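Quick heads-up: structures coming right below.
Shared chain: chain A. Partners: chain B in the first complex, chain C in the second.
The block that comes next holds the complex of A and B.
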């Protein structure tokens, strides 16, 4: 069973991530009053990228993007998708360490390419990661303190019996803070500073073509999945649905229904994020940092104080 | 449009994906670029067919040259074209890249783009309407189906000839040849 989940959960993440990218392009198009591409357009793009020749700029250029993709795949294994979770040990601490592999790999590859736009993009990527990881750390510490555990699976299990974290008043402030930094984690507007095609020629991936670009697209899909899934797992109760699924949890039907409920919750969060993405313009990097280090950090910090006081 | 025919996808996925995922580098040389914003935004919405603009030539597979090509801008055009990964397609837009158009006797404008880089198709007109772009794209689909959009292959086969033409115009070029002798064969 465990070996099967090792393969199933990255596969689900990949398929759903690609599908979410397609859905997001379609919804953005509908908001612009356009018809929009078909939902499988990102898959077509990936097939095209794989069919093209790619230019390599050295061994580290290839290695960096592979490292980033592998890091994202490993990250998926630590994440409960519904009731599936291949790696139950480690929990949030391992999760936070592995989250660094994604910008690191892209930075390695973009740095070797020696394109000035890549270098600007990498510096922005690290600044943005630095800015959103401070509030993220505070949020995760608040959650871990409140539930008295570092295990993601256990956090979801507690929520199944006592209701979503977002509805218990102690974790409302960290939840709001996470939602405020969610666009920065997903890399969409108003925090699209890293890619910024009109400004720095799509930043770190300016030199990526062919297979490198295909791998990057897959990695981006996985990264999007991770950002959304972590929010759903911690604050929206993972697979739980007001206690309706509790009696059949553990059975095959329960697992399948749990995954479906989980993905629907992710879709709702994604669509709310897309509305913000479609309406707002882009921050400059210093504005983004100022915002991220001010409001979400403040809210998360107050949340952490409240949580530690009532514990 | 045969985007939904699964048998064709299974037969040749690379070709089908190249047809329905044009990532375009727009080279804004002349007035032609005016027609591009309406075609990619709300009114005509080129993204229906998977056509989106990208920022760098590395990620692109369609090169759209919109308008007259002066001698000075030909250098970046050649370098951009050489940076795009195979398979790649070039479409020249407007009458100027075909035969010079209204700049036919200008001292600093080239009259025929096809002498310097291979062009897969032309969209004639001064200016062509956005509808003409879509008609051009459908023609390009047909050419890809019949394997006739082979500009990138011609560039490799006749590289000596193209390079000679470029050197005739510029004198010495300040970048090394893209293909060496062995690569051409």
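The block that comes next holds the complex of A and C.
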């Protein structure tokens, strides 16, 4: 069983992540009154990229992108997808640290490339992530304190019996704060300062072509999956559906239905997020930082105070 | 195996090395390496041995004692190993410097002083060795002259203030209990009033806080780290500064006792809670000041202050997990900060002492071993999984969250995320980006410098993948303080509230990494291009240096610079200035003319006579 989940989880994440990329492009195109590319366009792009020539700036340039994709796949193993969660070692704290591998890998690759545009992009990436990590850490600490555990699986399990975290009033504010910073975590508009093709020619990935670009696209899809899935796991109860699936949990049918429910929840979050964000223009990096450090942080902070007072 | 012999080797070796240096430099180098190696072998033989004995019966009427237990062994092995590596590292680095005999002598003397502190069983010998260490450090800080003299002055003034505090504490203990043996004091203190215990805790905390650079007593550290010789930075940042942590552990959990320290005060005003907050502030502010630094050594120095905060937070929370995290972090920090200083030293050695981050770049192609060392070092500093820093930080965070200190946990975590920014800045400015043309023909670092770098890098990975090895020793220390034993395995820690299994993470990363690597290899081969062949959106990339370094985190700098002044340093400098001014005006009394002095005497006598006439007191 465990061996199978080791392969199933990354596969689901990869496929769903790619589809979500396609869906988000399609939806924002429709919001902009364009026709938009087909939903499987990212898949086509990856396949095409693999067949194209790429350049390399040395061993560490390759190492960085390999590290980044590896980190993203490892992260999936630690994430409960439905009831599947192949690895639990270290809990949410280890998860937060494993989230570092993929930006560090990209940063290493981009740095070795010696392209000033990459370098600017990476400096923006780190500043942006510092800005959204402040509310994110407050949110995750609030959740861990409230449930008094560091295990992601256990957080989902508690929600199966006591209802979604989002509906328990103690965690409403952290939930709202997470939703506000979600576009920054995913790196979509208005927070696409890191790539900003018109300003710094795609930033960290300016030097990536061919297989490097394909690897980056896969990594990006996984990253998108993780950002959404974490929200669903922590606040929307993961695979739970108002207790309907509880009787069959653990059976094969239960697991499959759980995954489907889980993915539908992710899709809903993605679409709601897109409706809000697709109409915004891009922030400048200062504006993005100021926004992230103002409202989401304030809300998350009040949320943490409430949680710590209750305990 | 006697401890006297150990100290005789340590001190005698230092003098021997100095005198052999007068004969020949090769003999001196051999002697320095052999002495430090002998100490490593000697101390590792003492594993699991407990010794307590009086070695000199009547020093000013007091017995001097030695003590060896798991706590002292842990610190001793870290100290001698790092000194050994630093001595090897110095062989080439200090080859062309002047006064090399003196350098090795002081380095080994500091090592001996630290061993003495660690092995002292009473406060008199503790104080004597503490002073030997502090004074010889002062001598080595001044080694480079110039700005180093100012740094040394700052250090010695603060160090003296610390020593005086300790002396006051020791005298008051002697006056109340009539003994200075550490175990005897611990017995006496259990019946003492809580006010007296608080007095002792505070007065010794000033001493150890200065040594460990706890905010607001940290101001000596950035100057000293950036001005002292780089190979010495290893010992300085790795162990010497952490003697303050040893002092804290000794004070809190051996002398005063765990149950006392953890139950001091009420509610939010508990002693250990306030202390943990001081630690948290020590994490946050220096981390963000480090982000603003343009000088590589200053950046590492501020980072070292920040990391000290994690240790304080870990040991003051006072659960077996937090204690292990804090103590383990001392070792981990020592390993990776020494590694970072050594990698930086290799760069300095080859680039002629360049340490301005804005003037380096692209050295990854020329010095790959130093790069890998730095990469693993910053992985440890950040706490990337599979490095040793991850395990200790995990233990600390888990304790903070599950024991109900969410805001402390937030302070500690945000410190880590700030740390990522300066770590990347450090590695990016030195190794990544374009290689300046003047460094085209730079050579790799010599073997004596790469050897310690490789050893330390491997240690970081081994302790990160198999954290059980050091944690078993750390666990023994916790037990000796009276905490519960942890369920430590070779691959991590088992507990009901969350198990850490680093082998699992390692296996996952290894297998997935291998698969990704194979996919990468079998797909179409990439064309290797040089650093000038890159995409600049239609513009030509200039052939000269074009490396984005200056003001790297510009938006952050603009936002944060006004808030991140080192106000304590400014405040202390003002005090120093006004003291100087006052002393200067007092000095004006001494004019040098005999006539004036006669007048002073006459006035003074007249004053006395006046008093006698008025009140007839004499």
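What we mean here is this: the second predicted complex is superposed on the first by the 311 of 311 C-alpha atoms of A that agree within 3 Å, B and C clash if a C-alpha of one lies under 4 Å from a C-alpha of the other, contacts with A are read in each partner's own complex, and residues count from 1 in each chain.
FYI, a contact is a pair of C-beta atoms (placed from the backbone, for glycine too) under 8 Å apart; a residue touches a chain by one contact, two chains touch by 3 or more.
Only a predicted model underlies this, so the values are computations on that prediction, with no experimental measurement involved.
Superposition of the two structures on chain A leaves chain B and chain C fitting side by side, clash-free. Looking at the shared chain after the overlay, A:33 reaches chain B, while chain C stays out of its contact range. In the superposition on chain A, no contact is made by A:268 with either chain B or chain C. Once the two structures are overlaid, the count of chain A residues touched is higher for C than for its counterpart among chain B and chain C.
In the overlay built on the shared chain, the residue A:285 is in contact with chain C alone; chain B does not reach it.
In the superposition on chain A, A:210 contacts both chain B and chain C. After the chain A superposition, the centres of chain B and chain C are separated by 110° when viewed from the C-alpha centre of chain A, nearest 10. Of the two partner chains placed by superposition, only chain C is touched by A:73; chain B is not.
By the document's definition of touching, of the two partners only chain B reaches A:25; chain C does not.
In the superposition on chain A, contact of A:130 is made with chain C only, not with chain B. Looking at the shared chain after the overlay, A:150 reaches chain C, while chain B stays out of its contact range. Of the two partner chains placed by superposition, only chain B is touched by A:44; chain C is not. Superposition on chain A places chain B within reach of chain C only down to 6 Å, the least C-alpha distance between them.
According to the touch criterion, the shared surface of chain A, contacted by chain B in one complex and chain C in the other, consists of residues 50-55, 117, 201, 206-207, 210. Contacts from chain A toward chain B in the complex involve residues 25, 29, 32-38, 41, 44-45, 47-48, 50-55, 117, 197-198, 201-202, 205-210, 213. Across the complex, chain B meets chain A through its residues 3, 13-18, 20-21, 23, 41-42, 45, 47-50, 54-56, 58-59, 61, 83-87. Chain contact summary for the complex, chain C toward chain A: residues 362, 364-365, 371, 375, 382-385, 390, 393-394, 397-398, 401-402, 404, 406-407, 409-410, 413-414, 417-418, 420-421, 424, 427-428, 431-435, 492, 497-502, 504-505, 508-509, 512-513, 516-517, 520, 523-524, 526-529, 531, 533-537, 541, 546-548, 552-556, 558-559.
For chain A in complex with chain C, the touching residues are 10, 50-58, 60, 62, 65-67, 69-71, 73-74, 77, 87-91, 93-94, 96-98, 100-101, 104, 107-108, 111-117, 119-120, 122-123, 126-127, 129-130, 133-134, 137-138, 141-142, 144-145, 148-151, 201, 206-207, 210-212, 214-215, 285-286, 289-290, 304, 307-308, 311.
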